[in-house]
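Take a look at the structures listed below.
After this come two complexes, each holding subunit A, first together with subunit B and then together with subunit C.
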Partner chain A sequence: MLEVRNLMVFFENALALNDFSMEVAKRELIGILGPNSAGKTTLMNAISGLLVDIRIKEMRRGGERISMYGSIDYEGKDITWTDPSERVKRGIVLCRERHPVFKESSVMENLKIAGYLMPRSHIKKTLEYGLELFPNLKRLRHKKAGFMSGGEQQMLAILMGIVANPKLFLLDEPLLGLSPMIQKMVMDTVLRLRSDLSLTILITEQFARPVLPVIDRGYVIENGILTVKGTGPELMENPEVKAAYLGS
Partner chain B sequence: MEAKKPQLRKERIDRGIKVRADDIFALNSWREVIYLVGPRAIPVVGLLVLGPFLSAYSREILISTASYALLAISWDYMMMAGLASLGQSLLFGIGAYFTGILNHYFHLPWFITIPIATLTGSAFVSLLLTPVLRLRGVYFSMITLVLPLMFMRLIEATRILGGTEGLTGLDSFPNEWVSYYLIMFALLLALFGFRRLGDSDYGLIIRAIKDDDRSVMNAGLNVYWYKAQALFLGGCVGCFVGAFSTHYDMFCGMPGFALDYSIMPIACTLLGGMGSFAGALIGAFILVPLAEVLRAFGALRIVFYGGFLAFSIVALPEGLFHYLSRKYHQIERWVEVR
Partner chain C sequence: MGILIYGFINSAILALLAMGFNLTFGISGVANFAYGAIYVFTGFLVWILINSFALGYWISVLISLCLAFLVGVFIFYAVIRRIKGMALSEVIATFGVGIAGMELFRYFGFIGSKYGLPPIFGGNVSIGHVTVDLQRIMIGVMAVLLTLFVYLFTRHTKIGLAFRAIAQDERTALTFGINSDKTVALSMGFGSALGAASAILILPLGNITVEGGYDVLLNALAVCIVGGLGSSVGIMVASGLIGYAQTATAFFLETHWMMLVSLIAIAMILTVKPSGLFSQQKELEERV
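So, the complex of A and B:
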């Protein structure tokens, strides 16, 4: 479904992603693990197309020059330089890190903005499904999103991605800043989403413990370089991964 | 593996001297001295030496350019502390009226009125704005925009200080060289003084306030006290321009509060690049003479002027100075990506 080939991203002279290749098949749940500054978010931005937009803005502002090489194929078509809005229409939806929501709008308004391109019946159906998934949000649906807790905002951010009707759902650090209990809940939800909506999900995370057991395959990157890849159980058995991410 | 076409990437590197001499000057050769001093010498030599070679008319334009440049520098400094002022004309007008009062009613000579008006005028404005220092962004701008208009109407309605006619027949400078060198020295002092201040630890606080004032509070600093200081320092420059112009034109009146003095400095700074002071200077030295040249086109002047401004801000949003200094300090070359 998605194929990233030899992707290289430079921020000015710093190399954020070095010759990174990966492929994702339909209905897979793929994890990308790595510490801070490994290039996880850069990869997500490149796949979702935000990098194309950031690049233009930086260029006009005279800031950092971003150079990107390699290619990204989605459903057999090259999308390396496609606009982010076009990619959303084709089904690539990113849920960005630090759960960005429209703080001044209520939960319902947030979800309506996220589903603006979808037909009304679709939104209604997804909302019913989503609010059943997150009963907390149902209770809070008229509250301003900015006043909600981090976990609730994260749930809302995920739901906003779902409303946009993704085929390939990108989750950038969904567990960041959440308590272990909520982390588990978010991961359970991700699994349910995959089975209910038959999504392909790509998830980046620093916390390997809740992620590794559930993923089909995983890639471990450090400093922009792919270090280990394999299926979930394989990674859990890998001594390096064990030492660095599971602390044993 | 099949042979690939080599991929090229443009690389930017700071020049070696820039790396060594960003703040501490460790120079090895005359070439490096020239590299460092050259750009800084342009405004100094240009402003001080150019005067005598110009016609009286061009000199007058140069003086008005320098006035706007000073107002732009004062705006830039206040902006550095996050005070988005739309009221440089408030500073200009207060400085002008303080000078006018001192000269008209107390018959004090220019070398006393200008320093007094600069300091007391700025202190007056700072006190006036102290209650609204807590406001941020657009709200502060609105207050500063309204105040000069309010003062204008106040003078018109109460007919104090000469009313609509203003105070006329004030003392002028002894000769034109005094006025020329006074404003040029003030401009250079403000330019290099503020640049130095901006690089110091004190400037760091000022810039940090704009970035995130709550973090500065967390560092145990009284944000509003520093904001008031920034307002006073920036205000001194603005009031000085007002005081200078009063003696230069031998007149002070309601036009001192005109919107021109608020908008023009902002346009200059945006064109030249914010936060560098040199950008404000460059912007003023492009826009003010340009406005003068375009006078020949009559009413079309504003169209050309606006078009030029819009184009430059879209094409070069970072500002002229930042663009030039980057090109000056960095080498760009193509390297192969492997």
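So, the complex of A and C:
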């Protein structure tokens, strides 16, 4: 479904991703693990097309020079330079890191914004499904998103992604800053969504413990370079991964 | 009683002037300093369409609104797009475009007091002992209606929701397929069209002059700065404050002191609360 080949991304002279390749098959759940500044977010931005937009805007105002080499194929077509809204239309939806909700808007308004490209009937149908999945959000639906807790904001962010009707759902550090209990809830939700909506999911995380047991395959990156890849159980058995990400 | 009514109308005028400027700024963060030029441009355009092309009033108004919208969109693509995000450059560039546009009218001989727009309704009404012409009543009504329209538009249409999304977080908006360039261009267009609407409503009270454009920009800025840039509640409160202050000044002192009121208001608010009375962007940060 998705194939990233020899992707290299530079911010000025700093190398954020170095010759990174990966492939994702339909309905897989793939984990991207790595510490801070490993290049996880850059990879997500490259796949979702945000990087293309950021690059254009930086170029216009003479800011940071961003260069990208390599290619990204999605459903057999090259999308390396396709603009982000076109990718959303084709089903690549990114949920950015740090609970990306519109803080000044109410929960309902956030969800309506997320359905920008969708017809009203689709939004309505998805909301019926989604609000049943997150009873908390249903209760808070008139509250300003900025006043909710981090966990609630993350749930909202995920539901917003679902409203945008993804086929390939990119989750960038969804567990960041959440308590272990909420982390488990988020992971359970992701699994539920995956089976209900037959999604293909790509999830990045620094903290591997809640992620490793559930993923089909994983890639570990450090300093923009792929260091280990393998199936979930393989990674859990790998001594280096164990030491670095599971703390044992 | 006179102060009350005329103060209200003056406030409505200020609110109308500030609305378009505020809409564009609130959504895209672009301070459109060509706003006064668009106001003057609309005035002369309607005048030309009515008097030189002998078109009807409403058709001229419609054409002018559409053209003002297009001018706003054009300014975005031609000028602002490549400097977006650099506030100072945006101000200088749009101000430059504005001055060029306004002074072009002077160059082509649009000077003097023969240029005026017809009122929508002629005639007067009496409220108590005060006589008010219908155009001023119309301004009050339209200020309320347009505020309502903008409020509903930004909350219940796709474009309006895209406006609110871009205003809050451009990159997250992008992840839902909201094209930021297009949305910002539309916000410039809507802001300009609102400015044009205010010109069509307000200009019948006096003459269309090039200098009027500078006053409009100054008043719009004063209201937006006092109210807090990007806040619609702030606009209402600030235009009320400045509006009544101006009317009282004109009533108790002399008319030519009026212009000072907005300048003093800007100076005062910048020393006391620089983010404005109701700065929306800060609301959450201050509370959480």
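The definition used in the following text is that the second predicted complex is superposed on the first by the 248 of 248 C-alpha atoms of A that agree within 3 Å, B and C clash if a C-alpha of one lies under 4 Å from a C-alpha of the other, contacts with A are read in each partner's own complex, and residues count from 1 in each chain.
The rule we apply is simple: contacts are C-beta pairs under 8 Å (C-beta built on N, C-alpha and C of every residue); 3 or more make two chains touch, one makes a residue touch a chain.
A quick note: this is a predicted structure, and the numbers were derived from the prediction, not measured.
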Put subunit B and subunit C onto subunit A via the superposition and say whether they clash or fit.
clash
Thinking of the overlay built on chain A, is A:229 touched by subunit B (first), by subunit C (second), by both, or by neither?
neither
Spot which of subunit B and subunit C makes contact with more residues of subunit A, would you?
C
Taking the superposition as given, does A:104 touch the first partner, subunit B, the second, subunit C, both, or neither?
second
Determine, under the contact definition given at the top, whether A:114 touches first (subunit B), second (subunit C), both, or neither.
second
Looking at the overlay, does A:141 come into contact with subunit B only (first), subunit C only (second), both, or neither?
neither
Applying the touch criterion given at the start, work out whether A:65 contacts subunit B, subunit C, both or neither, answering first, second, both or neither.
first
Taking the superposition on A as described, I'd like to know which of subunit B and subunit C A:5 touches: first, second, both or neither.
neither
Figure out whether A:209 sits in contact with subunit B (first) or subunit C (second), or with both, or with neither.
neither
Subunit B and subunit C footprints on subunit A, overlapping residues
60-61
Residues on subunit C engaged by subunit A in the complex (per definition of touch):
81-86, 155, 158, 161-162, 164-165, 168-169, 171-180, 280, 283-284, 288
Please output the residues of subunit A touching subunit C within their complex, sorted ascending.
48-50, 53-54, 57, 60-61, 83-85, 88-89, 93-96, 100-105, 109, 112-117, 144, 146-147, 160-161, 164
Given the complex with subunit B, which residues does subunit A contribute to the contact?
8, 10, 12-13, 60-63, 65, 67, 69
If you look only at subunit B, which of its residues touch subunit A in the complex?
7, 9-13, 316-318, 322-323, 326, 337
